[in-house]
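Please read the structure below before turning to the comments.
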Amino acid sequence: MTWHPKERGNTRRDFLMRSGGAALGLSSAGSLLAACGNSTTPTASSNAQGEPVGPGGLPLARPDNPVKLPLWEDPIKSGLKPETGGTFTVYNYPVYLYKKLLNEFCAKYDVTPQYTPFDNIATGIQKLADGTVQPDVMEMTPDHLDQVVAGKLIKPLNLDYIPNLQKNIWPELVDPFYDKGSQYTVPYTLYATGILWRTDHVKEDIAGMKQPWDIFWQAQAYSGKVSMLTEDRETIAAALLRRGVTDINTEDPKLINRAVDDLKQLYGICNIKLDDSQFQTVAEDHSWLHQAWAGDLIAAFVYYLPANQHPSVMAYWKAPNGHVPVQNDCFSICATTKKPVLSHLFLNYLLENGVSMSNFIDFNGYQPPLNIIEPDTLIEKLVQSRNASWGTKLTAADAQTLQTAILHKEDFGPKSIQELTLTNSGQALWTNGYSEFTTGA
Amino acid sequence: MYPRWLWSGFALPGVIWLILLFIIPFYAVIGVAFGTVDPILFRPIPSWNPLDWNVGWMSQTLTRLEPGGDLWDVFVRTTEYVVISVGASLAIGYPVAYYIARHARRTKALLLVLLILPLWISYLMRMLAWVNLLEVDGYVNRFLMWSHVINQPYGWLDGKPVTVVFALIYGYIPYFILPLFAALDRIDQSHLEAARDLGASPLQAFLRVTLPLSKTGILGGCVLIALPMFGDYYTPNIVSGAPTTSMLGNQIDLYFHGTSQPTIGAALTILLSLFLVVLMGYYIWTVHRATKELAST
Amino acid sequence: MTVATAHAAPPKPSTWTRVRGWVGNPWGRPRFLVGFTWLYMAWSIIPALIAIQFSFNSGRSRTIWSGFSTRWYWGDVDSVWSDADLHHALIQSIKLAVLDVAIATPLGVLLALGLARWRGRGAGVSNFIMLFPLVTPEIVMGVSLLLVFTHVFTFIQPSTTAQVLGHVTFSISYVVVVVRGRLFSIGRQYEEAAADLGASPAVALYRVLLPLLMPAIVASIAIVFALSIDDFVISYWLSCGAGCDTVPIQIYAATRAAPLPSTNAIATILSALTLASIIIGYLGYRFFTRHERAGGGLVGDMAAFDV
């Protein structure tokens, strides 16, 4: 069972009757403290109307419940000249933007490029809030928008400066449900969560299974070579989806507890491991079965799969629309910027077809939502990229496995499911559930 | 001959440094653990005044640490790993330290260099070295298959507790042997000669003279490696990565890296320190006593 | 005690007696112990040597040897030389170690002098506090420094500065222990003699005590440098992100995924730096104590380096 102080009451009493000593000391300390003031939910998780709200009291965006975020200040005026001189800082995940492209942009406006990475978006936002960093633009994820808008950390956009949004980007993401009117964000890359595996070790036809997520629960033969992502949302969502629960933003403790219990069965079944290096470990045969993002297959194919291995040793599966978590990352302008106009131009630059494609194919492997992308030519380009760096002589026909990792605009319709903002108490449930999963107990 | 204020003046910068960056930081952990969390950005809001303390986080954490709670199992596992590793370090380390201190003559200097050498090879490099050796096609598996101990490669790195314990022993044993060696080396040979002259068998001489005289060295060494082991989280991450081999440090690491409840990490840090303070106290007390003796001679 | 025959009668060559003899007899030839000790040494050193060997592998594998090459040091796109992250980490590690030495050594030497001779109120407590950093688990220190820099001394924040401050905090006590040991062993008679000959306190300190402390200071510098280079936990907790990554942090990240021999290469460079600092420190120590050689030799000197 997932821990919750109130539910633990029985266990505690049971134990007190059975033993004493040091444990008794701990128990009574716990009960003593429990009797004192106890506030561990940061704030009310619902508004005056009783609807659940996210951090800062902002509404929770869902594909079927689009949200227009409040403007905490006016966007900049149209028609201003870009600032020049000084530095231009991009705040992003490590190695998540092709530096050559950033350098070219900065050269055009005579500013010095700077790339400041963060470990994950949550710690990135904290450092921004602490004032440790003063970036101009940053990578943003829709599930943290409530936080950064309520915390006044990102600036509203003036789309006059960003014509490429309308011109080049999938209509589904031009006016997205999480940010109606694209007031704060432009989309950057796409990903879906599925399963990446080695076909030379895993005998099951995972994609053909009735419930492919079941493979983790019958992976006895691959014990020690099976991993999931180190993310509370992803691991628990996989267990929910396996049980047919498609509400992967649920805050129902029963569902979350059951998911965590399911995950804990994986200890005995396959001694599940947790890591985020699937693009490398699967390509290099250290891991055989791994929860993975779609872009991982592409990155594994282009950068990590040894030259003497055929692309078909790896396969990827993701569930059909409505059953697969699909997400997109965004870019935003930080409130700390001294160059708001240039920042707008940078966002527009990122959405240029050539720039966006180069960033994808030549560098990070995560697909942008560009109208020009066609799966066939895309595979062709990826194969060329691999052939160029590994000296292989593959053809597009050799790499058909990549088809499964390519995302389509239909995947992002109102039917799609995404891991989105939770109420604060809901977030605590997920975190503690994941923590319990990582205890291995 | 020196002005009276001189020595306290010398000590002052160091003492201030330790107050600012060792004692106050610990209070910061307490403040965070008993504080609240900013509802928008999930940053801890420390509570410095004990009267305003919010004990909710601590109480949650304690409840999970009670027998039956999920963290209790992590605590038990951590303790098991540490106890086994310290025991094995003693079993391996004592004969080595004993030999070098008592028997090695011409080779003593060389052995001492070899004994100290691992201390100056990065801990993580030594872990990396074993990760290489323990790979499926690594030297260990190849040797074991060549010698027909096993027929197919063993998955040492597939999240095995034995690998984690092995790595802990390997990582920390040099820190154990050195103080033990120092203690054994200090034993006056004449004590042993006296025992033998009084008719003790070699074994008796060992059990009644050497062993008791090396007791401080043994305990000191055990404490010295047990303490960092209790706080370890990187060793299991490197050689295993499975939840089934995670230690308490892994939970602290988890809660401090991007979750909405860093307060639980702080509470765990405090509880771990409280648990270890006895060991720390013991070690410091022995060192303190030894220093006083040294100072008075 | 039993009858006094153990000396006279040669032990019967039964296995048990022999084993007992090996364990207990300080004058016999303990073959078991010899073998065990050398086996231990092999076990403790050889893996690192193999890791170093594979840093020179011409293939991409860290387990299958395919010939000698220096491509992982320079030349290859993933080599230490070409991989910006790796050599940035190396520079960061060296930067932290140098600053740590520069700050912790003087602070520690002064503190050692003060604590050894200060007899006022607060001396006992300070002596006591000073020892805590030596035994506090690093994760506890890392967490507490992280929280103090993000909530109390907020002008610092996790950064290179924070990492330096953290390194100094765990290094000071080592300096104190080493220097104080030396202080006790030289006693006060030299300074008193100097004072009798009319030296002022400043002169006694500078011309008499400081040279006498030199061996310990040199040893401290080497130890602090090595400790700082080797540190993973404090650097990790106080890191500002990729810009603050040190070599151990890089090794940690790479080892959790699937490292290349370039990881072995940078680990080799790191260990070489540590060893060099220790060897230089040791030679310095020998140099400054060259007039004090009275037996003991290497073994005696070693004592200065095992903290």
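The first chain written gets the first letter, and so on, giving A, B and C; residue counts start at 1 in each chain.
Just so we're on the same page, a residue touches a chain if its C-beta (ideal position, glycine included) is under 8 Å from a C-beta of that chain, and two chains touch if they have at least 3 such contacts.
Bear in mind that the values here come from a model prediction, so they are computed numbers and not experimental data.
Novice: Just grab the chain with the largest centre-to-centre distance to chain C, centres being mean Cα coordinates.
Specialist: A
Novice: Does B-C or A-C have more contacting C-beta pairs?
Specialist: Of B-C and A-C, more C-beta pairs in contact link B-C.
Novice: When you take the mean of every protein CA atom shown, which chain's own CA mean is nearest to it?
Specialist: Per-chain C-alpha centroids compared to the overall one single out B.
Novice: Taking each chain's centre as the mean position of its Cα atoms, how many Å separate chain A from chain B?
Specialist: One centre to the other, that is 36 Å.
Novice: Averaging only over C-alpha atoms, locate the centres of chain B and chain C and give their separation in whole Å.
Specialist: Roughly 15 Å separates the two chain centres.
Novice: In whole angstrom, what separates the CA-based centres of chain A and chain C?
Specialist: So the centroids are 41 Å from each other.
Novice: Where in chain B do residues touch two or more other chains at once?
Specialist: In chain B, residues 43, 241 touch at least two other chains, as defined above.
Novice: Name the residues of chain C that each touch 2 or more other chains.
Specialist: Residues 150, 256 of chain C touch two or more partner chains.
Novice: I need the residues of chain A touching at least two other chains; which ones are they?
Specialist: Each of 119, 130, 275, 286 in chain A touches at least two other chains.
Novice: Which residues of chain B touch chain A once you look at their complex with the stated criterion?
Specialist: 36-43, 54-60, 62-74, 77, 155, 157-160, 240-246, 250-251, 254-255, 257-261, 263-264
Novice: Which of the residues in chain C end up touching chain A in this complex?
Specialist: Interface residues on chain C, with respect to chain A: 60, 150, 154, 157-159, 240-243, 256-258.
Novice: Which chain C residues qualify as touching chain B in the complex?
Specialist: The contact residues of chain C facing chain B are 1-4, 6-7, 20-21, 23-26, 28, 30, 33-34, 36-37, 40-41, 43-45, 47-48, 50-51, 54, 62-64, 107-108, 110-111, 113-120, 122-123, 126-133, 135-141, 143-148, 150-153, 165-166, 168-169, 172, 176, 180-181, 184, 191-192, 195, 201, 204-205, 226, 229-230, 232-233, 237, 247-248, 251-252, 255-256, 259, 263-264, 267-268, 270-271, 274-275, 278, 297-299, 302-303, 305-306.
Novice: Quick one: in the complex, what on chain B touches chain C?
Specialist: Residues 1-3, 6-15, 17-26, 28-29, 31-32, 43-44, 46, 92, 95-96, 98-100, 102-104, 108-109, 111-118, 120-133, 135, 137-139, 170, 173-174, 178-179, 182, 189, 192, 196, 198-207, 223-224, 227-228, 230-234, 237-238, 241, 249, 252-253, 256, 265-266, 269, 272-273, 276, 279-280, 283-284, 287-288, 291, 294-295, 297.
Novice: Please output the residues of chain A touching chain B within their complex, sorted ascending.
Specialist: Touching chain B from chain A are residues 3, 5, 8, 11-12, 14-15, 19, 23, 26-27, 29-30, 33-34, 36-40, 42-43, 55-56, 119-123, 125-126, 129-130, 147, 150-151, 223-225, 227, 232, 267, 271-275, 286, 424, 427-428, 431-432, 434-441.
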